[in-house]
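Notes to accompany the following structure.
Residue numbering begins at 1 within each chain, and the chains themselves are lettered A, B, C and D in the order written.
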Amino acid sequence: MNPQNKLKIVNDPIYGFITIPSPLLFDLIEHPYFQRLRRISQMGMSYLVYPGAHHTRFHHALGAMHLMQKAIYVLRLKGVEISKKEEEALNIAILLHDIGHGPFSHAMEHSIVENVSHEEISLLFMEELNAQFNNRLTFAISVFKNEYERKFLHQLISSQLDMDRLDYLRRDSFYTGVSEGSVNSERLITMLNVKNDLLVVEEKGIYSVEKFIVARRLMYWQVYLHKTSLVAEQLLLRVLKRAKELTQQGVELPASAALSFFLKNHVTIEGFSVKVLDTFSKLDDYDIISSMKSWVSSEDFVLRSLSEMLLNRNLLKVKMKSKPYASEKIEERKKTFQKKHNLSANEASYFVFGGEVFNQAYNMETETINLLTKTGKVVDVAKASDQLNLEALSKKVVKYYLCYPKSDY
Amino acid sequence: MNPQNKLKIVNDPIYGFITIPSPLLFDLIEHPYFQRLRRISQMGMSYLVYPGAHHTRFHHALGAMHLMQKAIYVLRLKGVEISKKEEEALNIAILLHDIGHGPFSHAMEHSIVENVSHEEISLLFMEELNAQFNNRLTFAISVFKNEYERKFLHQLISSQLDMDRLDYLRRDSFYTGVSEGSVNSERLITMLNVKNDLLVVEEKGIYSVEKFIVARRLMYWQVYLHKTSLVAEQLLLRVLKRAKELTQQGVELPASAALSFFLKNHVTIEGFSVKVLDTFSKLDDYDIISSMKSWVSSEDFVLRSLSEMLLNRNLLKVKMKSKPYASEKIEERKKTFQKKHNLSANEASYFVFGGEVFNQAYNMETETINLLTKTGKVVDVAKASDQLNLEALSKKVVKYYLCYPKSDY
Amino acid sequence: MNPQNKLKIVNDPIYGFITIPSPLLFDLIEHPYFQRLRRISQMGMSYLVYPGAHHTRFHHALGAMHLMQKAIYVLRLKGVEISKKEEEALNIAILLHDIGHGPFSHAMEHSIVENVSHEEISLLFMEELNAQFNNRLTFAISVFKNEYERKFLHQLISSQLDMDRLDYLRRDSFYTGVSEGSVNSERLITMLNVKNDLLVVEEKGIYSVEKFIVARRLMYWQVYLHKTSLVAEQLLLRVLKRAKELTQQGVELPASAALSFFLKNHVTIEGFSVKVLDTFSKLDDYDIISSMKSWVSSEDFVLRSLSEMLLNRNLLKVKMKSKPYASEKIEERKKTFQKKHNLSANEASYFVFGGEVFNQAYNMETETINLLTKTGKVVDVAKASDQLNLEALSKKVVKYYLCYPKSDY
Amino acid sequence: MNPQNKLKIVNDPIYGFITIPSPLLFDLIEHPYFQRLRRISQMGMSYLVYPGAHHTRFHHALGAMHLMQKAIYVLRLKGVEISKKEEEALNIAILLHDIGHGPFSHAMEHSIVENVSHEEISLLFMEELNAQFNNRLTFAISVFKNEYERKFLHQLISSQLDMDRLDYLRRDSFYTGVSEGSVNSERLITMLNVKNDLLVVEEKGIYSVEKFIVARRLMYWQVYLHKTSLVAEQLLLRVLKRAKELTQQGVELPASAALSFFLKNHVTIEGFSVKVLDTFSKLDDYDIISSMKSWVSSEDFVLRSLSEMLLNRNLLKVKMKSKPYASEKIEERKKTFQKKHNLSANEASYFVFGGEVFNQAYNMETETINLLTKTGKVVDVAKASDQLNLEALSKKVVKYYLCYPKSDY
């Protein structure tokens, strides 16, 4: 293929157009490892609450790469030198930053794989792609791993104000229709700068940063931790856990070859060979959902019921408050349900359970967002001004939930 | 459930909010027959070209219902009487107008089922729902079937300016990011009126109507009939056709129970019993895609190759022009490929084929769009003005395409 | 005119369409007292910073009326009874709530008129219109003055979450292009309710309220109190003050008849007769700007220089910080300038001056925003949750500024 | 001023941000000749119909310059070489292309000045600025005058698809809220290319071009030639004509110095000295509107009545149709009105008059829009395809109007 033909333009409802900046980026996008992200939803089961939320990790990765190009453009305009090589590394790293996500990633990290984070898998994919592409990703990987001395490159990929967040908050707000959560990514980017090789926000951007953090918190409570999304995700996690439990007991469940592999094996990070990686790369939302569709005919009450609930959006009830639910109350509900359906205690615990979720809009302990004052000083945004309220936003807020079956179940 | 609780509000990125107008509508939406539309993409494989185009038939149906509420509000404001009963019928009929769609509907109508249109299946679903809901849909069905005397009700559901089109053009334009195709649905609705129980557009809306038709044509050529979408859809059709062919020859292909049924049986409209309907209701995008994912390991060269092409977006080449391709040329290509891979002529025809697509932006022969002049006369919009160019837009335009494998295949 | 013809629809870039809800409203809009608002800019000289900010008080008043109709619709849907009479009163009161604004209102309140607020003048206009319209505004005026027992009516017109703010924040954000200040007015309205005849926000709206307050604060610091806007407004105030000073000294300045009247007379609220009101109603932006355009040829150095600065956007320099500027420093600068141009101390003080601005995003002492919890309790939003940070937002923030001429002046 | 400080960014509600690309451009914008455009409305009296339409020629000029930067970026990406010098010339020429507009330009061209077009005055301004800026505009002027050999530069400034149109159609649609008239300028720009130094549109853009032309026509009939705008513009023209007539008869009318000059003198292009130009540069909307505000107290019935009509939006009635109005009918109405108010025939003709307006959406005779086919050929878009209907759009459409006083006048 003519290299010129690889400088494609992709339509995007949010930014208008996304340009693929180089033939190497084009080839990475074409790779089946990346194409699979077309079949992995960015927001898992959230579409049960927000019917527009069907956008994919594929689209988010392209969007983040688009914002990276904007950031590079803005920084160069302000006199920050970024070489061609650094530019390509930034584009590669942001494109691939989430390539390790599997289907319904959060539910899966605790069921299908065992304590393997998607970040670790992203790195495995990058290394395998690096091998396939004659080491042309080596530098990008070092930036991704924060081994490169100009730290702002890594910060553009991963920090409290990185291109990843700037895209996903905007995109998730856009597709859910929760417009209060919208972040004006392009405007925030115009306020970025670099000082001592670290990413900073210009002083005039202080209110925009605060608004970004408030919007982010709003998205957490209103969308990501929405009661119905939460219960759906918990159900999904339990469907997979139950399927693995049954498989381990020797039950043969209908499932795709790739899914079967992960149900049968305990895969840890140590065991994540290239072959396992390749099998992992075959997994996507379609494996999970279509398995559930066959599991509604399963003989197992738990697997069948949970699958049905998710497919027909007839979920468990869920309550949420700021104090934990008394464990006796939970136990009581569990027992009632156990008796009603003649289940084991373990089985009943799939239907009645509590848990907690938390959110911290701004983290003052890890890497902070830094402001560049007009006089050239660099200060933590949370301390920049007596009028801001970021300390309040830095508090970790915990909520407790309780899930249990509807009365007619 | 408390009836008050059924007056839900749903977030929509396009309209902001969609209100569910009555408990009956709420219950219809909750029904598994309708919930399944969450798993059926509105635009099939178009996301291979437009990565944002993952919206579902579920969402479109809600959107069309939202526009219907707008239209009822506007018409009543203008003095058109619409009873409560008529209002509910309109909402039901528009909500369910597309419920008969299966996964990748256009590909499927010519493979999985045999000459059964989605409109016919929609009606079967409505009748079954009517049975389940104690005949509360009877009136809505008569409006849907155009048996009610006030014809504008049917026209709001199905005509060249119905709520279906006003939503899907807007929605498809929105999600693809092809903003030139955008139709200002709400504005067009404010220009609707009723004269002699027929739907009309007020005279001042003449340019808006024209712009609507031009936008519609643009969407056809730029999106719906986009070369890459077209070849993907043709490949999908052929995957299913091949799977059916093999199944009929006795090959056991991995597939969900519902899909297997349709591969094994020749289902015509006559044989579409309630039981078949129920099986049909189990089919969605997940059955098709996950089957293809297993078919990439099939022994059959055709099935395997076509499935791979779709999953990795490594499609056939496609050319398009306004004159038919010479059949000798097609045959020649076919033979070359047949020889190269040692296939039968039938098998080769899955990889090399031609066809035609057409589009008619405005149809002057079927039901026209009528203008209401300031003096109260009703005229066909195409004849309303010497300056409009709808006659040109009424021409049927045909294009011919040719698909064949890439040179390295 | 046929009453039906008064149910007009007006185009609005923000809401799409604004409907004029009754013939009386139509007639009020047609009245010259209201039409004059077409010639009064909503944001004064802010267009010197934000070139899009040319929207008028006329447009804002229509927008607020549009939101009022939305609010009435939403509240009725939730079972809040609002009679036809109350509805019309709400629409009238919100339409006319700002009718008392003169050109560049804030600058004028301290120069042209003397300690007469625009609210007082609004009431005078309403009373005069009531006389002209046969007392059909009596009830609306009682709602406006908060004399009606159902307090939520007044709150919709004037409170921390009224239709006035919901429109102007949205509109000002829209026209300036400062999109971070955007408030999703329609969404906030859907969360309103009424409890014990008081306006409340439903609990789920808590984050939206917070975001509204944060957006409001951002608009203050970034737009309303923007350094350049501030200095332009201060200059305008001083132009008018100087013109009045000179007029009082007997100098004849070119000015429109209406402006001349206010330059010659000391008008207080007591002296605001109907005749004065009528003269006031002749004043608009065009009187002020065109006077300045002739004053650039004035013999008076102060009047001439300040007018020139504004017209050619060649303003004073301005600094801003959180502590007051030392008065000696100000005096020093003043003296230097005085000497340089051979001015009196009073004259120099037109060019060198300090001042303060403040902003309080949420006022906990006056009327609070109340939340309605799911259990039906009403609580102040600032106390509703340990995770919110409204207390920080309730702090009054003061900033001090210093204006002085550019070095080459 | 530090040159770096001149690389300002301006907020724009449409494009987000507009960058000022060089210190020279910054200085041109700062010049009083350009700053005056802040006081000249882009759409004249159209705000009487569309209350949002208060945007200025200043803002449009910046917007067009922004699009020019986009176009340069896109063309360079496609391999079209554009030197730094050519880039600056393009930016200067587009920034200044409309600098010759006076207030309510179309009305003024036939009253205040005499057969002097705004294009001619633009050139005078450019030449004077060139003198003031040490001939740094010489090359830009040659591009503007189409004397440079690479014709596409001029075409970007002035052709059927220039940056001027792409901005004003978008901007006028945006501010009026007539969203059907919206043109996706950025998308159209991405489809531009250059072939043989001429501007072309890539073939795939054919539907976008057509939609652009249809949108343009819609804007004409719905906005620019809207009946109420039309009658307001005709009234304004007649107010100025009457004022000039009276002045010529020796009547002293209140007016600003600049306006007085043009009322007293017959200014033709030959007499347009630098001094006249400078006087012209003092004229803006404020001169016209504030003069009318004083003219409502004039002794002259015509001047007084027409001024009142415009200020209180109590206009003449207007009818429009596709055939001319019979001159006897016009005369009859004129005589009735003449008798009623005891006027001369000339005076009555200010209140009763007919005229015609026309629109040609696409002009096939002057410079056409050219398509670049995939095979590299260049064809006129109107002939490019049998399915397009540009020939219909090329017809010149004429409408005739008749204005006369309301019955109670």
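Here, contacts are C-beta pairs under 8 Å (C-beta built on N, C-alpha and C of every residue); 3 or more make two chains touch, one makes a residue touch a chain.
Owing to the predicted nature of the structure, the values given are computational and were not obtained by experimental measurement.
In the CA-based superposition of chain C onto chain D, the rotation angle is 180 degrees, rounded to steps of 5. The most distant chain from chain B, with centres taken as the mean of CA atoms, is C. Averaged C-alpha coordinates give centres for chain A and chain B that are 32 Å from one another. Work out the mean CA point of chain A and of chain D, and you get 50 Å between them.
The set of chain D residues that touch two or more partner chains comprises 16, 179, 187. Partner chain A is touched in their complex by these residues of chain D: 7, 9, 16-17, 77, 186-187, 190.
The part of chain C that touches chain A in the complex is made up of residues 179-180, 184, 187, 204, 207-208, 210-211, 214-215, 217-218, 221-222, 322, 386-389, 391-393, 395, 397.
Within the complex formed with chain D, the residues of chain C that make contact are 10-14, 16-17, 30, 32, 35, 38-39, 47-52, 54-56, 58-59, 62, 174-179, 256-257, 282, 285-287, 289-290, 293-294, 297, 311-314.
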